[in-house]
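Scroll down for the structure; my scribbles are underneath it.
Lettered A, B, C, D and E in written order, each chain numbered from 1.
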Amino acid sequence: MSVQETRRAIKPVSPLREAAQMFCRNRPAIFGTVLLSLIVAAVFYGTFISGADPYEIVWAPQAFPGEAENIPLGTDYMGRDILTGLLKGGGPTIAVGLSAALITVVIGISVGAMAGYFGGWADNALMRFTEFFQVLPALLFAMVLVTLFSPTLTTIAIAIGIVSWPQTARLTRAEFLRIRNLEYVTAARAVGAGNNRIIWRVILPNALPPLIVSATLTIGVAILFEAGLSFLGLGDPNTMSWGLMIGANRSYLLDAWWPVTFPGLAIFLTVLAVSLIGDGLNDAFNPKLRQR
Amino acid sequence: HAQDIEPGGSVVVVSTQAPRHLNPAVQSGIATAVPGTQIFASLLKYDENWQPQPYLAESWDVAEDGLSVTITLVEGATFHDGEPITSEDVRFSIMTVRDNHPFQTMFEPVSDVETPDERTAVIKLSKPHPALLLAMSGALLPIIPEHVYGDGQDVQVHPANSAPVGSGPFRLVEFDPGRQITLERYEDFFIEGRPYLDRIVIRIVSDPSSMVLALEAGEADILPFLTASQDIRRLESGEGLAVTNRGYEGIGAINWLAFNTNKAPLDDIRVRQAIAYAIDRDFIVNALHRGVSAPQRGPIVESNPLFNENVEAYDLDLEKATALLDEAGHAPDANGTRFTLTVDYLPGTGEQQQNIAEYLRSQLPKIGIAVEVRASPDFPTWSQRISSFDFDLTMDMVFNWGDPVIGVHRTYLSSNIREGVIWSNTQQYSNDRVDELLEEAAVENDPERRKALYDEFQTIVTDELPVYNINLIPYHTAYDERLGNMPEGIWGLMQSMDEVYWIEQP
Amino acid sequence: MSEPLLKVDDLRVEFDTRHGRVTALDGVSFDLMPAETLGIVGESGCGKSITALSLMGLIPSPPGHVTGGRIEFEGNDIAAMTKRRQRQMRGHDIAMIFQEPMTSLNPVFTIGDQIAEAILLHQDVSRGEARNRSIELLKTVGMPEAERRARAFPHELSGGMRQRVMIAMAISCRPRILIADEPTTALDVTVQAQIFELMRGIQEEFGVAIMLITHDMGAIAEMADRVAVMYAGRIIEEGDADEILDNPLHPYTRGLIGCIPLLGKEARDDGRPPKLAEIPGVVPPLHLLGQGCSFADRCPLVHDRCHREKPLLTGSTHCVACHATQMEAA
Amino acid sequence: MVYLLRRLAFGVLLLAGVVILNFLLIRLAPGDPAAVIAGEMGGASQEVLASIRERYGLDKPLLVQLGIYLSNVVRGDLGESYFFNRPVIDLILSRLGPTILLVMAAQLLAIVLGVFMGVLASLKPQGFLSGFVAVISTVGYAAPVFWTGMMLTILFASIFPILPVEGMSSARFRGGTFDYILNVARHLILPATTLGIIFLAQYARLARAAMIDVLGADYVRTARAKGVPESRVVFKHALRNAVLPILTVAGLQFGNLISGALLVETVFNWPGMGRLAFDSILRRDYPVLLGVLFFSAMMVVLANILTDLSYRLADPRINTEGRS
Amino acid sequence: MSASTKPLLEVRDLAVRFELPKAGLFAPKRHFHAVRGVSFAVPQGRTLGIVGESGSGKTTTAMAAIRLRPADGGQVLLDGRDILKLTQDELRRARRDFQIVFQDPYSSLNPRERVGSIVREPLDLMKVGEPGEERNERVRELFSLVGLRDDQIALFPHQFSGGQRQRVSIARALATNPRLVVCDEPVSALDVAIQAQILNLLRRLQDELGLSYLFISHDLGVVQFICDEIAVMYLGRIVEYAPRADLFRTPRHPYTASLLAAAPSLSRRKSAGYRRVSAVRGDPPSPFNIPPGCAFASRCPNAQTRCREEEPVLRQFGEGRVACHFPLD
């Protein structure tokens, strides 16, 4: 009694692979990926291979890029090599970005998932709590946290995480609200799945694409945040980071543009790469575009 | 030449320093002093040769025994509300400053002020006090109206601190905290025809580059207390601008490295000396500061007549430094590190403080001392750490304030080891001979003998090194060339600008 | 026989997709006579809506392209008209109602405004007059409390009422042709019946020609004079409604009629209705259409030729595009 | 009405929460405010510290201080600045205007220009303009705002010195109201542009997406089927609907705008609340800091309520109570 | 085919209500009664159909009956055991006896899971059979039972057509050998051609496995094809409940009659001059404030004053039961 199939059956492609294909066809996203790979490679080199000390004074202060052979990007107000600073400073910058994004995602998903899945008063309470964090301008709040608890990379990452999770929580909640009413969730319950299984194994994987996109973008936001704090002088002075370079060289801007411009560019390119990838993922996961 | 002067015009002063209020009687510091000295007159002015000049005081007379000073006020001086300035106000001002100003040594010996008549005040001292005249100049002793501040309210938080009734050449029009102070010519100023300017606007700008740009663009006319070398160099070549470092002698701001002399291994003089020998003052002054700042070898500003030329300068000598450390028994480990120290710095003044701290981080490892820079996000954090003795090394910036009694003694007197008080003897340095010398110098009226006492003091403390003096803060003023009579006394802009005028108005 | 009001000839529409360019309409031709009802049936995705949209000039482009064919309205080629005239034709001469009354009305304007807009666009009347007419129209389509409802927003109305609004809007300018793309699929049966009734009434009153797109054979029986059956972008059978329903020639049409569980089918011995006829498999996706007959894979009568060659629509009054049937007939 | 009251009531609760949270946070953090005040006076002894504590009520138990603070806030008294010895409310009010001006100018610029660009781009989703908008929107978003500001400063101070790069008006300025407005407007150009660029990027992207979405909606097809001219389809039928998601985001952006303003004010020496906040953090001027936090939270809450209200005006679907 | 008369599932007086958003801050909580005292029984091996317009509470009734949604009153007896009283654990174990097939074949399968594991999931969760090969074998068996091929086990749902997905759903529902399958409009989202395939499949499975169905639909044609008894719902209540043949031959409730009149039929031809005269006017009233009396009164052609005042109860009339003051005959 089996149904006769169309002879030219549709080739089986897993949704992930399909998304990957979409992604690979997205030129800006590929550009972003290549860019990010280059940046990460450079930062990796700087962090683990190059032995140079970013704090070492190697030449006269504020030497113009290329003024001497070994200082292609010039030196800063102390005579420290900017290229070394960029290579060494990328690690902490990206690390802060990643760990802040991780904190954001962990808090955001937990809160959002609980609120969205259980609904009712749990949702109400959690969302009120979230709103609480949302009405405070994030940078201001982060500044307060960092100053009060002294600026180290850890506190900075935590502060950024603390101020940015609400958005992820809202997104997660919205996705959970949407998905929990879909029939396959009811179906899972009908075959005896418990709350835990439904939250983590059924809903979360389906809510993941927008969350991945948002997490990717959060990395960018966190990097910008770190830079903003450093710019205001609230960075960790014992760890070279791109934001710190900008903040420290800021008052010498009029005399030397390069110590500010290059780290700024580095941040810009990193965030750009990350958001291009985020956009690419968004397009790749977006079912609307996939239907066609 | 007063006849050639055409009065009028306004001047815009830009500064990064936001005053809390405008009453220098209860507040030290540049921020309050600049507007404060325009609003309030002091008894004396000091010229560039450290000589007192009449101002509100027409004449003054120090008694033979040094235990009283008689002041005669100029005639017809009035406060901005029209009330006459009397000897009662002088008495009130001196007492207020004595009891409230953080520089307690200024008027501490004053036991009483007698007021035989409206224009005469006799200051009675419990002991001779050679620093007294200096303490009556500039921002240190503003003459404030008793009928305003004497109303029983706590003068520290008196509302009139922000809306003062002054005695000086300019009166307050608007005080917009943290943003702008607008002053206007006081028509009934006690010096006829002065001030020349109609208006002074002091604008507080957070970003130093903005100030430089404003000056270049002609949006601002005077930029005082400029220390950043690149700004100084840039403005020096600016068209129509003049840059000078004169007028800051009185402040005598010394940039130094302080040691916690109570904490191992810094309790060992040899370790402190080794560090001093490892630091290249020339590099700091010439490379880091591009030659704008002057080296400072001792505790008293080099331009002060009391400075002792012969103190140990600690020129760079890494071998001697390592030898001293070896001698002190600090052997290097496998990595060549003997021990690790943290260095703090006063936040906010990058080139003078943070940069040198960072320089130490790259310099001291050369003699086997690892350095960790500990940043304080803000002044309170730093001051908390230092004043509770929670530090190894710290960069610091301390002002001489003209006479050693006011600005120098506090750092070295063992009686001034006061936990919780910043800019006291936070190094916890204690030397009986130094205490003795300083006490004697404070009451020594004879200049020769006084100098001798201070010479010995300077030799001791540069040998024992509770602090390693690095350089004089290179305060500069940049201003529009067309401004005439820019104040050149030892107090610079912390002095009345009643004589400033536009040679040619912009 | 009178002149056709609308003449569609060899219409061809293509879409750019992930799988390249696919043909959504492949040589569709039909005529629409004044005041008649033409039913178009077929499974989902066979091109019914695309046909309707291309008559309105509303094929979304990109990704769609009308790559061939000719549409004549009262003897004039629509493609040759100015853009302005084309736009005037829309709404004025040809009106359309859609399947989803829930989403077809703009949520931010009142329904009165939306009807009045259609009137103002095509007729030279004042705003007030347009508003009055829209209330009249609402009454015509049986909207209770028309004055009040004219000020309502779409979300305040039920699905049936919204579809009435759509119809009111469509007939606001007395169009010659009304295209109804599955006007009742989203509605409850009792409401469906009312909408059909309304359409019938309007046809009789205004004499419009109706093109009724549906996949519901019952609706065809009740409403249509003529029927065109579509499959994978082509018309595969066309003829009088009775002819098609009683004597379907194409195996697909036969299957389509046989597989509906209709009321009134006689019961078996055990009291249950007989098993339904089945068309095995599914409609092939457009990008996988081959050379031959697109129904070949599902066809019980398939033979070699069907895989090689596309059958043409032949016949005079009852046309069919099927090699097997045509051979039989021959 | 009921809705508005409920929103307001909730907003007040939220603000109370914010105040309590921040009060406790600041007080529990390391650092003695009395020492700070003493430091500002130029150093002081233990006795002075004690008197300062007493003067500012810092010697009372924390919860008592909180209670006093809250009851004062209710009465509109945000306390006195440690640093300036002035009522916090005066300080904040004098800074509120510039910040609102900056934020609003940036927001307006971003929305108008962003939406316009987004709409144009949406009309040809594969076209050049669309690509351009895509590039602009990622680029504008990725550059740190203070860095953009600094680059603009270099550009307009050193290279083409045509625009003021500092302050809100010339210090020297004395003139009539109209001249003053012009003067401020000139000063506003760079800060507002800098701040606007990030948000412009987001609005353009959002508007493009929303318009593409809406232009594919059934009711747009209906409008076209009615014979509505294309320009009217785009700007009347589609844009009205596409504005809704933009409105939502615009409301949510308010907090971010204030954050951005903080940096921009620093770069351009704009005399707003952001700088006050920054300075008070560095001075540990807690009453002012609390006040600024309170006010910025209040601005965000108000902005959210306003957005909600305008959303309700724009979208009739939400308007009916007892929805069906 | 065994036609035992003892009901497998008996639902008594089931009630479900939903909380409505409050009108004001201090307004009382408002409820909306979606299902109001519904009772019915599904005999072993037979099919009960529930028909009614959208929003009449069909889905809610079915969901509450198998506790996928909390009920606010009533009893649901499966083999005499009240499902509504089971603890979570007992319920989980009991679920192997009753399964569900949903309406939308697109949203009822988890798009991130392969269909093989979707069908296997109930086996794993309810610990049916040995893990490993035995369960895999069962999955293959189920696939062939519903007419899918073995090689499709590893595919994802989106790689299937609607009809095939519905087959996967059915396979999942059958995995634990349930006795009752609730079918919530399982064919209304499908094309007619596919609909026929699924309907035939469901009937075949019932015959082969002796299943009982609670079958929900709004299409009378479909109901007639598959159901033995039919309950007609209107605004949360059953208004008529009768064996199939009787219902179609002699509808007793005016609402049922109008449904029948509106149902599609090939015999009503335009060519034959057929004109529909539907007696029912307007839309169903808002379920949020159902008027007193008979809910259908506002649309009923035969309505009298009594209908608007007194709510009729379901009572025996002819072969079936009807809730109408003036039933048709």
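Rule of thumb we're sticking to: a contact is a pair of C-beta atoms (placed from the backbone, for glycine too) under 8 Å apart; a residue touches a chain by one contact, two chains touch by 3 or more.
Predicted model only: the values in this text are computed from it and were never measured.
Taken together, chain B and chain D share the touching chains A. Relative to chain C, the most remote chain by averaged C-alpha coordinates is B. Averaging C-alpha coordinates per chain places the centre of chain D 53 Å away from that of chain E. If you average the CA atoms of chain A and of chain C, the two centres end up 50 Å from each other.
Centre-to-centre, using mean CA coordinates, chain B is 89 Å away from chain E. The multi-chain contact residues of chain B, meaning those touching 2 or more other chains, are 207, 209, 213, 347-348, 377-378, 381. Each of the following residues of chain E touches two or more other chains: 163-164, 197.
Within chain D, residues 31, 153, 157, 266, 278, 281-282, 324 each touch two or more of the remaining chains.
Considering their complex, residues 10, 12, 14, 18, 20-21, 26-29, 101-103, 154, 156-157, 161-162, 176-180, 201, 203, 205-207, 209-211, 213-214, 217, 219-220, 347-348, 377-381, 383-384, 387, 418, 420-424 of chain B touch chain D. If you check the complex, the residues on chain C that touch chain E are 37, 43-44, 144, 158, 160-161, 188-194, 196-197, 200, 215-219, 221-225, 240-242, 245, 255-264, 267, 271-273, 275-280, 282-283. Residues 1-3, 5, 10, 12-15, 182-184, 186-194, 197, 202, 205-206 of chain A are the ones touching chain E in the complex. Every residue of chain E that touches chain C in the complex is listed here, in rising order: 53-54, 161, 163-164, 191-197, 199-200, 203, 218-222, 224-225, 244-245, 248, 258-271, 274-276, 278, 280-284. On chain E, the positions that touch chain A within their shared complex are 63, 66, 68, 92-93, 95-96, 99-100, 102-104, 107-112, 121-122, 125-126, 144, 147-149, 154-156, 158-159, 163-164, 169, 172, 175-176, 197, 204.
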